[in-house]
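What follows is a pair of complexes built around chain A, which joins chain B in one and chain C in the other.
This part shows the complex of A and B:
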């Protein structure tokens, strides 16, 4: 039967429509946000122009965007990779914390190494820590068939509380009254690419990781297998692929990426482990991944957008007094509209395999 | 016109312009910001600090700004944001943010920073701290005074070294000093805002026989007072005067308003006397106090108020210190 619909869809004008949807969603969300800001008693025009002029007019403030960008990229990749492999890892936050813990141990208690050895070592331990924490949920799914959504989320809370306990009772220096670990050794600090800004090695690492993940998922035979397992595990199994091995691989990689998020925060800006270490990067990364349809290149854009929004939200509150919850609402609306528009454009398309791109 | 006249007029004009600009620069208002870890609606610690800023805004010619809900991960970004926007004084209203603030302060030696209740200072970092034990030990004294079951409760937010060595030690000493039979039950909520958990902990304490509760836990304080009101037992307010929550239940208030500290820091900045270094302010400096609810004064046992005030005077005169309090508790094998 001749496919009338796709012959229409593939016409150029519809392709243009797909491309502008995200921007349309962004614009609508900002408009709704403007209405909320207005009801909060602040001139929305003033608020937004303040936000734009402070982020883009001020190099120091602009570089703050990268402190959020790096962990967001890692957390988004973490969710995306697992999703492609059929594993719903929503526990990035906990894996970030646990990876940060193992990275802290390597950063604080291993002294005397030169930077070019110490940095990879700390990154590796961060990866291992995050991978381990995800592995716990993974093994529960593989051996017991336990649903990973619940497990990864529960393990997140466990990790946050566990790190709280470990920091206060084990990592805190004996005579200190403040709940925080020692600082990591200077040899484990990310070198700054541009002095006096927050643009450091983490930025390069995160972009490199995007490239690596892209080539792994889309240009390597094993990546193909993983995506096949993710789309239809029965068909993949019938074709002879090892489901167990493939799923375990994405679990380890996914957890490891979230662990790298924690390690990069440690080495790039925080330099010590504290109880409320992450302001929700794990969860926000999921949003960034979904908004980018789990595409590694798209993740660069969405992570950057979310990072911009975070810095902008702070700037708006500092400058004109816009309460933070309004900024969070704007972020939420952006996410809803863009993923909603994704659903609408999928309805047009005939390529619906479980709704995944 | 003669050359000299032209010259004179230009000179006077230039001089006038110079004077105007220099006075404008001199009177350019100071920009002062406060970074708050919780929401400004959080009664107690956070709101009090914010009120300090607002009161200073009324009294002095300053530009103010605030950022709330700033977590540890976002702190440095917030600080750098204010520095980039040219703020003169940035107040960090959270003791736990001491180290990251010092690190950022190093990057910007011309900006003045203030931390409330911190420990480490620097040339451009002024740390203003309450004592964390003086008001609390007087609260303990009131608790020991009022209890009939000899069981008193203390609800603290986070299980931290400061909580044990300052708050708890002071409270237990105060209770035992007035009433050696009193037993103190201390529990930790784990946050400044988990109202549900706070209420449950208070109810559990009451089941154990506790008949006076002192809560030092942010937004939870109000909820605990309400629980005490329902159970018909005494409550002691913290940080600010909380009698309004339950006028027949709140027997006394252990005041340690952070508003006082924040206002003091801003006042010194405006007057140009703010220096780096750590300053601890207690009852003697007017930063902490114990007050009795006037409606309930007749419920105090005989000489009760005198006994509590005697301890207060000893603290003010320096006759009893925190170290001595801890020594005394250790001697009696009482854990804090």
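This part shows the complex of A and C:
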């Protein structure tokens, strides 16, 4: 006899367990990081507490967290949306660059608009740029059968080189020796929310986007279709859904979000396009999405955590001499642990709910 | 260009292609069993660092190579454990490993620097070229073919060996059948997990050797992120080489020749946009993916987790 009540309790238990895993991964990763710091001859406890004190005790450092937070949120959402729709978009970095390129064009060459028109316009061009680069990957997959995992990666590196080339030979002002574009018009700058900090309109936009994506994926009929396609495209096809259209929508949104990451970096903090524009947010965003298990709300937490680690590693380096790459190490360990724990959570769901997750 | 320039270009092409060839062969072996290796970059970087570390501490490049091999094997084992045993996502684990390796090698490298063990001018011993008697003295041909270090010859021999192993031995057949249809292979009594584990470890060893090639033969020093995306180009090599050992050899030679050409032209003062040539591997790979160079077919079970019943 099927015990309905205990099944519900077990489901709750399972959900708690499922939710705890990322925190466990974080603690294990911080612990291993601590061991490394110890090897470097530094007291890990002192290093970590120094990190937290300096970030939360210094408005300048705290605001710097948000310069990383905004692009990370967009990149993580980009990966999550595509993943939910069954498209494995590993090329966020390239789409970010392409979005930054088109946003730069709209920011530099369109002058004299008032800010309330210029900002949306540059954002839109950024979205289109990223979406275009992802659309190519989609076409290559859908029309020509090129596996997206491989082609998004290849297109990503291609985009970075292409943008280096364009900046060096076309966007660089004739009288400049440094390979970088001109600054975008002041009217396309994000207004600062708190003066003299890096906390700007991008923070609000990124959080708004999280809400929009959540409602789109989980509360709209179209989002339901997309998730159905992502889970089982054969079944979705049988249910009469338009797979091609659904996948294409996902691709456009995913690429566009990565493009917005580029545009928001440009308008919020960088103001001009440079060859090494992004320090790998596209890839780090995948890490944040994986840690949040592609849940939009979770992404707010994980993107903030990754941003915190980045700024914190810098603070630890300056303050107590911990080598900066510690942040990548910790992020890498988190990703590895979360990937490995997929099995554990599947096993628990099998045991507790009595079926495969 | 005169003959001597061409000879040095070809020789440089070979030198630049060998790290790619090692990593791509390693990747290929794992791909053939149906498992993605997105951690090639991590394995190469780890190999490059450990190779450098070994030679820095002991003065012997052999110790460096040994450490690199051990490091690669450990990463391969980790990849196999997470993907084969735990059924984790094969792509995400690769990306995670890349962050991990980038962070860890950078961390230890900076520790070495701050400990005063090395400076900007530190140079370490390396595998020098084997001057093959008589042949290396031949004009032009000597420089091109008979004046490389032993790892270069080893890489070429490996191509022959892997090709023979894949297509002429029972083990090779088993390995390929695991990549095509693990269910069938399992029914036929082949240990799918074992083959994937061994392939992953070999994959790590070869990719790490490719990385060690960078620090033990060419530049004889380490710098952060020294592999600089070579792991991804190795991935391109595998696909452009149509998932075959010989194809891998030609593809890495073609890409290596492209990079050598850029360097050569820069030395000669010809100004061409370096990015155009750097884009080449990626463009060629995308072309290969969409079937411009003929049908490219990866193993059928590639990327799918296999659960033994």
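Following the convention adopted for this analysis, the second predicted complex is superposed on the first by the 325 of 357 C-alpha atoms of A that agree within 3 Å, B and C clash if a C-alpha of one lies under 4 Å from a C-alpha of the other, contacts with A are read in each partner's own complex, and residues count from 1 in each chain.
In this text, a residue touches a chain if its C-beta (ideal position, glycine included) is under 8 Å from a C-beta of that chain, and two chains touch if they have at least 3 such contacts.
Remember, it's a predicted structure, so these values are computed and weren't measured experimentally.
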* Using the superposition on chain A, decide if chain B and chain C clash or fit. => clash
* Check the residue A:168 against both partner chains and state whether it touches chain B (first), chain C (second), both, or neither. => both
* Asked: Counting only touches as set out at the top, which of chain B and chain C does A:125 meet: first, second, both, neither?
  -> neither
* To do: Considering only the touch criterion stated at the top, classify A:324 as touching first (chain B), second (chain C), both, or neither.
  => both
* **First (chain B), second (chain C), both or neither touched by A:206** => neither
* Asked: Touch check for A:61: first (chain B), second (chain C), both, or neither?
  -> first
* Between chain B (first) and chain C (second), which does A:314 come into contact with in this model arrangement: first, second, both, or neither? -> first
* Asked: After lining up the shared chain so the two structures overlap, which partner does A:178 touch, if you call chain B first and chain C second: first, second, both or neither?
  -> first
* First (chain B), second (chain C), both or neither touched by A:286 -> second
* chain C versus chain B, contacts on chain A by residue -> C
* Structure fact -> Both chain B and chain C touch chain A at residues 168, 321, 323-324
* Considering the complex alone, what residue numbers of chain B touch chain A? -> 33, 65-69, 71-74, 76-78, 80-85, 95-96, 98-100, 103, 107, 119, 158-162, 165
* Could you pull out which chain A residues touch chain B in their complex? => 54, 58, 60-61, 64, 67-68, 168, 172, 176-180, 183, 196, 198, 265, 269-272, 274-279, 281, 310-311, 314-315, 317-319, 321, 323-324
* Structure fact -> Per the touch rule above, chain C residues touching chain A in the complex are 36, 78, 81-82, 85-89, 91-93, 95-107, 110-111, 114, 224, 229, 232, 235-236, 239, 273, 275-276, 278-279, 282-283, 285-286, 289-291, 298, 303
* Quick one: which bits of chain A touch chain C in the complex? Just the residue numbers, please. => 36, 39-40, 88, 90, 140, 144-147, 149-151, 153-155, 157-158, 161-162, 164-165, 168-169, 283-284, 286-287, 290, 321, 323-336, 338-344, 346
